[in-house]
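Both complexes shown next keep chain A, but they swap its partner, so chain B is in the first and chain C is in the second.
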Partner chain A sequence: MSSSLSRSDVEQGRSLWQDAIARLWKNRLAMIGLYVLFFMVLIALLTPWIAPYSYEAQKLDIGAVAPNAQHWLGTDTFGRDLLTRIMYGGRVSLAVGFIATAVALLIGVLWGAIAGYIGGRTDAVMMRIVDILYALPFMIFIILLMVVFGRSILLLFLAIGCVEWLTMARIVRGQVLAIRHQEFVDAAIVIGLSHWQIIYRHIIPNILGPIIVYITLTIPSVMLLEAFLSFLGLGIQPPQSSWGLLISYGVETMEEYPWLLIFPGLVLSITLFSLNFLGDGLRDALDPKASKD
Partner chain B sequence: MLKFIGFRILQAIPVLLVVIFVTFLLVRMAPGGPFDEEKAVSPYVLEKLNERYNLDAPLSEQFFDYLSGILQGDFGPSFKFPTRSVTEMIATGLPITFELAFYAMLVALFIGISAGLLAAIRPNTAQDYVPMSIAMIGICMPSFLMGPILVLIFGIWLEWLPVSGWGYSPGDKILPAITLGSTYAAYIARLTRGSMLEVLSQDYIRTARAKGLSTQTIIFKHALKGGLLPVVSFLGPAIAGLLSGSFVVETIFQIPGLGRFYVQAAFNRDYTMIMGTTIFFSVLIIFFNLLSDIIVAYLNPRLKLGNKK
Partner chain C sequence: MALLSVDKLTTSFYTRDGIVRAVQGISFTVECGETVAIVGESGSGKSVACYSLLQLVPQPPGKIESGTVFFDGTDLLQCTEQEIMKFRGNHIAMIFQDPMTSLNPYMNIGEQLIEPLTYHRKISKADALIRAEAALKEVGIGEAKKRLKQYPHEFSGGMRQRVMIAMALMSEPELLIADEPTTALDVTIQAQIFELIKDIQVRRNLAVIFITHDLGVVAQIADRVLVMKNGKIVEQGTTRDIFNNSQHEYTRMLLDAIPVSAKPEQYRYSASSAKNVILQLEEVNASYIERPASLLHWQEERFKAVRNVSFNLRKGEILGLVGESGCGKSTLAKTVLRLVTEDSGRIQFEGTELTSLNAAEIKNVRKDLQIIFQDPYASLNPRMSVYDALLEPLKLHNIVPPKEYERTISQLMDEVGLSPRDIRKYPHEFSGGQRQRIAIARALAVRPKLIIADEPVSALDVTIQAQVLELMFHIVEKYHLSMIFVSHDLSVIRYVCDRTAVMFQGEIVEFGDTEKIFNQPQQEYTRKLLSAIPVPDPGYYRQP
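And then the complex of A and B:
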């Protein structure tokens, strides 16, 4: 774009990213989602210092009490403070969401980028593998993995991550393939840039948008998966806790102590809501073509 | 068309083999034998048990035995309930799970399509925002939360509907079906809205309007066929989702279906039962995906094998 005109002659252009941020800023729901999420993450990080009670503290003599001044969200049947339990549970739920998504991101981007960049037969074989894996019923396989190898949180990260990378690989591969054959990449090859330089300077910045969108949409689905497994008793195991596990305890006693179901459920739903709104907003902001419905 | 169907069926076979192989291998790799109990079993009994279940044969032989058993519809005996075979348990659970999934699908299609249509007819008005916001709640509220909350409200507080069971009292199928169907209703509503908006902006719809056709005729006679394509292609994954959703719903409502058997087998480490149900569920899911692909290809003449991504 460098022409003979001096900088002051042309109107200052806005980059794609500035544009996207401006669009996102205007999307009220997405911004609320972002703030809520930020708040949740902050709370989760600070929990050990700001939690009103200690995680193990039990008051068996009081048992389950409804929300009151001492226990804002009430206590469970062991007299444990629900707010504290939700805060600690959130750490696990959010960690699963972020870490499993990171695993998916790593595998998916590498797989998709390699397939798309090399192309040809390698691409065909790699994508065929993805197609076959796509057809597998993964929920069932995660349960199988958890049963066979014991219910550890590390395995949960891996198992969920290994499932969610497929879509990521497809998206990245499609993008890379499209960019790979653009003229500016040919030009970069002609002036003698190495493959890594091309990937680093041209490919990655161009595929970042769809990846970010997909990340924000993967995190809620991963968190949902964790909650689903924990609810069935096949995910997070006590003494650790997560929102899914709290909900499953809440269900057992919902008749007498409905708050034990309602508050964890509310927190999980609000988080999932926020992530989905943020994801939708980012998609609209980063991919103006897709948002014109 | 036939070639496409044939190709897709051929493609499904290696997938199935992979499923069976991986499942078999995973279960065999599990630490601890199937007969590890709190009480130690005497070596003699263990030997006899291994003989009975053919566990002392080489792995490859076991695999091919198992495979040929499956092809004849025999998933072997259950490890936990030696008197019952896995095939038998699948046969008892399956009709119930299918019935539940069928009702849930009806709920999802009916609510989803009507809400999506309402929203698409008057976009960016209250008629659009209200159903779409509810849809968003439906997507974000997982079934294991939706179910208990529905039970709490309609079963315990209002006492309108039974809280659990299946076929024992009138109305006990309503809450499970709504619980299982609600998420899919929400997705279908969003899909319907999006694609109907696209279809309604096409030239042939404008032509129909110019001819003076009523909105009803335009929507139901001209727009809906194209507008429902994404919904049809969503049906395959939706059925797959319904089947795994049945794990939770059947557990919440104590419905004796296949999903509940699977979860119980997972708890009991009943390996043959897990293997059998995993493979069986996989076959179902692959089959329904195949079916929805074929229906989509049939409905959409533009989608030819060659230019399919």
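And then the complex of A and C:
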């Protein structure tokens, strides 16, 4: 394909990111994943206007009914419309998944990259701090936060993010240590780049693969963590809902009312599949070696 | 009848990008007690050919398509996995290039040595250990009994390769396949290993297939030579014929590419061109971190790699820094580049004292000081296209205005012999030699005054090496550069450098005009180093 070099190509000097987007565009599975996620987020944003019912309106007289023309996905034992509750639940679950992971990503990547890049004593101290935080019982930490600052959904994002960054920091630090001593980093120092430029331009792009894989693992685990916290009464409270809560409720009643488990589970699975497809696609797109075009 | 006779062996790899015909119908024989060298550049199929003999090629993607390999009357290619295992490590033993990775770090040497014996011969462990001790003694390892209980990390590189040879000998093979066994070793150690292999070969009437890219090595050890290129044997014959009377053009090209001479006259430093000193080192000491600090070991452990080094570099000169691994030559180079901070001493670059500069001042000096590294696979960021890699220094130091970027980068690529059409490609799409050219272009981009080349051709094939050296002469001449050329390869140093500093254990033991050092070495160590260089002339080794 490099038979001719168009002028615009050179002038723009397309960067890794532009190349990556072009490659991602060609990966059909990843694009399907992206569209599905986009669709999920769109629904979540529009839910208050398009939801067919109110998420808290109970119809105790009908109770749990199987999917039918009025209630496409059926109702729960209180007679609440399941579709509506899944839509509202998606708002919470997607927000927790993305925001908490973003918090974890930001702190973890910075912390790990700095520790691995500087090395020596700084690294020793920074990583021991991570170890100490690892050792703190997570539940006590969250309960403490809730007690001191009161229960709020924002705090929940923060609390989960603050726990998940530890693993991210360790992964990033290990990768940075391996990259740090490659000669191209020395070459970058010799050219005169500052340490921040080296971390940003040379090191992070080379560790994106493992970071992306870890993100696709973190988002679902964060969503389930939220369900667990909510179950303990520390997160979302009924009548509000989240996918995690709907599923754990669905498990309890799955023998009598299987749809209460099947539909929330299906929605969560589709989201996670899409995330994984997108993650794999991104990883390949960001690796110039992975694809030939 | 020949011990091994290979007929029309063909091996292919079925990869995503198509079929790679690695070995294409090669035929050769090996007699008992004979050393056959297979020589060729990387990708010539020399290793695949030997791995195919024992069906060691990973299948898939590899596939041995056709041919016969008769060893002692058995066609090895017709053997099942069960049958061939009786030959591997038993009748045919192998030693590999990298002694650091070919021993299991979690097993002591004794256990590893007796593994093939207890497996193939069902000998008791005690008897096998006695044989292992004898084998270690045979390869010249003292205190063999004690050494059996030690682990690989307690051995040096040369010692590990001796252990590998001992392991190969344990089951008394008839054929030894050595795949670049000394490429990772220093030249003096290499000479010892050759002595050892030759010695054992005579004593045991062992046949040896020696895979190498180094024609100097071939001249030293081989009876016959096969020259391979692109999966085919282009020429075979006795070592003397190949060297003195080669028929094939490619063989002659390989021979011509070996640097054997002094520096070409037209590139030599002439005192009249510029007299002043560009770089002056005085009493420089430097160390690197051997073991980083941790909470329990708050003091990091440092290794003193450079001791009291003083020398100067004149403008327009190429100065060689030569020594074996661990002699401190790379640490010294990095100290000049401010990648390592010295412990004491003064480094003056064009009258500026580098050791007292702050971070901002160093950034300005960086423009004048550049480096070319050994490994063109590690020295380029795999996620940056050539354009981005070359743009970075131009942008950072405002070398040219933005609208000139494209033209400047194309010029740079042209200068180092790359097609500007490849500007958008990523490093993995280039060969090793081309990558080294990218690294040279990157160093040139900031228009430096001094370039330090740290083993710039050690990872390259000999023909590519010759081209890259030519390019370096050209840029030094054209841009009035000064260069410090770090290498372990004495013949390259002789071909490239005006003056040479010989380093040993962190100190410069001898320093002076290159030709003088090569013709009249003053120090014992220099003489030892020089006598260990393999000379690409079989006559040299056959004299009584």
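The criterion applied here is as follows: the second predicted complex is superposed on the first by the 165 of 293 C-alpha atoms of A that agree within 3 Å, B and C clash if a C-alpha of one lies under 4 Å from a C-alpha of the other, contacts with A are read in each partner's own complex, and residues count from 1 in each chain.
In this section, a contact is a pair of C-beta atoms (placed from the backbone, for glycine too) under 8 Å apart; a residue touches a chain by one contact, two chains touch by 3 or more.
Quantities reported herein were computed from a predicted structural model and do not represent experimental measurements.
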- Message: Which partner chains sit in contact with A:231 here, chain B, chain C, both or neither? Use first/second/both/neither.
- Response: first
- Which partner does A:147 reach: the first (chain B), the second (chain C), both, or neither? first
- Task: For A:273, decide between first (touching chain B), second (touching chain C), both and neither.
- Result: first
- Message: Quick check on the superposed pair: does A:261 touch chain B, chain C, both, or neither? Answer first, second, both or neither.
- Response: first
- Could you say whether A:239 touches chain B, chain C, both of them, or neither, answering first, second, both or neither? neither
- Task: Touching chain B in one complex and chain C in the other: list those residues of chain A.
- Result: none
- Any idea which chain B residues touch chain A in the complex? 11-12, 14-15, 18-19, 22-23, 26-27, 29-31, 136-137, 139-142, 144-145, 148-149, 151-152, 156, 194, 197-198, 240, 243-244, 247-248, 251-252, 262-263, 266-267, 269, 274, 278, 281-282, 285-286, 289
- Query: Across the complex, what residues on chain C touch chain A?
  - Reply: 17, 289, 292-295, 298, 300, 334, 337, 339, 362-363, 366-367, 369-371, 373-375, 378-385, 387-388, 391-393, 396-397, 405-406, 420-426, 428, 439, 442, 446
- Task: Note which residues of chain A are touching chain B in the complex, please.
- Result: 131-132, 135-137, 139-141, 143-150, 220, 224, 227-228, 231-234, 244, 247-248, 250-251, 254-255, 258, 261-262, 265, 268-269, 272-273, 276-277, 293
- Message: Give the list of chain A residues in touch with chain C in this complex.
- Response: 2-5, 9-11, 13-16, 19, 119-121, 123-125, 128, 182-184, 186-193, 201-202, 205-206, 286-289, 292
